[in-house]
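Once you've had a glance at the structure underneath, I'll fire off some questions.
The letters A, B and C name the chains in turn, as written, and every chain counts its residues from 1.
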């Protein structure tokens, strides 16, 4: 593909000579003929040594020995250009290659791989792909252009929108964790009779667990992206365009607004409300509802305050030494004073 | 179902008019004809606006515009009543719909779904259900009334009691993580030749990992309930009626007594003994054996002490300011004293 | 097997009478005829009560009522001896018992279990075993003597070396978590077109997620052992002989040297470099690159310093009391001084 064509596709300004681009790679690994990108100024020094024939960047350097595509949002340009270099093989199994239950409505151009299982009353839309080993339980509805990867389990009654991608090993609609307790400390199961609803354009990583509601729905809002090994408990409500990084856990009935970012290994207690735009730092534990802002720590507090507290916490040994020194000085003063008296 | 019938089934006192109940829902989402429940006084204000025709509660309010079922333990009453509104479809596959190995003993009224796999020498009891994609390896024994959800893997020799539910994607009997180390820092595998034993009435969430013992057994005690994405290492011994919330990890050879509660994302080091009745707060890290009590923190300490420490920790910036102020005052006193001398 | 034979196989010195050994077990659970082992002096008291006929140990006790195998590295001797007592059943399915795609190269003595799925262009080496429910996607290459456990998903183009063991439910090659963001806060997927490469002698636990690279490779180095429920993000580079304990998470593009040990539930931020030999304590969070050494805490600091800080942190209530006492004394001195003036 001509570099000038890539510039056009990705709405970039084009600086330098046109040439034929045959691949995309990182600055370190690019060969002649590859296009690369700089999205973090920290790595700008790699521009001096890269073999890439062209680089996507936010501002062209003064000395240029190669061509540049200039964009206010280079990473977004990368997103557009990478997709041009990827040719997914079209599966050819059709919609009858697996075990298919009764009363299903499956688009003629859906692709259901062998060794997957489709229960009764299932609906699957146009161009959706069900990979091998996936289990689509009774009465599940999956929209158009979805990709359900191998060994995913989507349980009874779950609703999946359009353009949803669910990665391998993930479970949608396992029972919520709900028990009453009798006098003897025995746990009595509350049957979980709600469902999970996943809205359009959601992507869910591998080995994620999303529990069905006790009653009603657990909801994952439009455009939200969930990383691997995340836990979403029953009746959680997640807004649109949230980012939940790997190994996050959200306890029952908590709700997130829109564009919330939870970094890796964050935990959110149950029955909590997280406002739109909240960002929580990695490994934090959220014990109470949060207004829009940035938070960190266990329990999570204002992120800037947490930075200060952590810095001082590390200095505790010297702080305690200082206190002990002050104590001695006070004793010294008191003795001197007593002597004087 | 008549409300008076529900009262009888759930051993509740009945206050108000009898009526026909057609569903159960939360106070917020209930419609006319639904029964609902109040198990947390924090949400009592919803009683004013709910459309529910009846509410399960611990104490009837004075002004009543609807009927109430009164119980000392409303949540337990909910558990009984929800089950009346849920009619699980009876599977009809029988015991030969999947790949079945040699020398198996499978009850005539077990249900083995298509695309599941049953190895050699497997025993499966009455009314147990093996969902699609589940793999039951050689010599596994599963009791009566168990439900093994899709894509669960139960590996060689594992023993599963009666009325056990294992949710999708969970692995029972993966190898323990045990290596000896040679002089060159190379890790030499210790073959893991023990098993996992799961006692009666255990429920295990989705995407859980429970490792087989190196030698002997990893044991999950009667009535214990395990949430999603929990890690149980080799030779761990868990007592009865414990609650292990999501993303908990327990390292090798540690033991828990009965009725232990580990909140979300707790980690327990190896070779540790947790007494019966211990409760550990979310995200805590347990580095040593614990006597009965409540604990929090990394490392975990007495929960009340942890609350105090956390409160002070957040105040470190002002505490350090105070120390600096005291230092100045002391210097001031010393100077004044020197001047006076 | 004769004890003298076990001594020879495991390169141990042999002290005491020869006898026939029929099993191996822990000191607590051993019966007459079993060999056992003491690898942690903390449990030496069990030598007094064990029924084992022989014990592997680093130094024979003075009073001996049984036989001993003496080794500088008893745990390594255990590794050798356990394997003698384990006779894995040889599977007999051959290489055509499952769905097999086009253009595959599968060794005649590989074993592919029923209900597994092999895509197009797959290569599987000598003696490798693919258990039921495993999905081997298009163009995956698996070397010799590998074991792929039930319901594992190895996705398109992944490369797996020789003698690799991958436990049940694990996902190799799910998409990395990479999105550009447009002006409206919408997340635009960066197609993930790289692969995962797993080198020889790696073992990976159950329900692990290893993401494919955005571009290039995610690499797991030779001899590295990964425990259950671990998350490895796209473009992570892991050296040889590392140990990653359960529930560890490593964010995108971070790299580990050789012989790194990450304890349970550790989190590593993205774009970080961890030097060879680094050890990080359980539940720590690593926010920056680490030179060889031991680290703990959130954020992780030098382990010894962390121990001091934690000890002082727990003492914050008394430290604050002391500060308040000193403040009173200072005020007292000031008043006395003022009175004197």
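Rule of thumb we're sticking to: a residue touches a chain if its C-beta (ideal position, glycine included) is under 8 Å from a C-beta of that chain, and two chains touch if they have at least 3 such contacts.
The shown structure was predicted, so the numbers you read here are calculated from the model rather than taken from an experiment.
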| item | value |
| --- | --- |
| Given chain A and chain C, the chains that contact each of them | B |
| Classification of the chain A:chain B interface as same or different, half of numbers criterion | different |
| Euclidean distance of C-alpha centroids - chain A vs chain B, Å | 24 |
| For chain A, residues contacting two or more additional chains | 115, 133, 151, 169, 207, 229, 247, 265, 298, 313, 323, 326, 330, 333, 337 |
| Partner chain B, residues of chain A touching it in the complex | 98-99, 115-117, 119, 133-135, 137-138, 151, 153, 155, 169-171, 174-175, 177, 179-182, 185-191, 193, 207-209, 211, 214-216, 229, 231, 233, 247, 249, 251, 265, 267, 269, 285, 287, 298-299, 301, 305, 308-309, 312-313, 319, 322-323, 326, 329-330, 333, 336-337 |
| List of chain B residues in touch with chain A within their complex | 24-26, 29, 73, 75-76, 78-80, 82-83, 85-86, 89, 113-115, 131-133, 149-151, 165, 167-169, 203, 205-207, 223, 225, 227-229, 241, 243, 245-247, 258-259, 264-265, 282-283, 298, 310, 313-314, 316-317, 320, 323, 326-327, 330, 333-334, 337 |
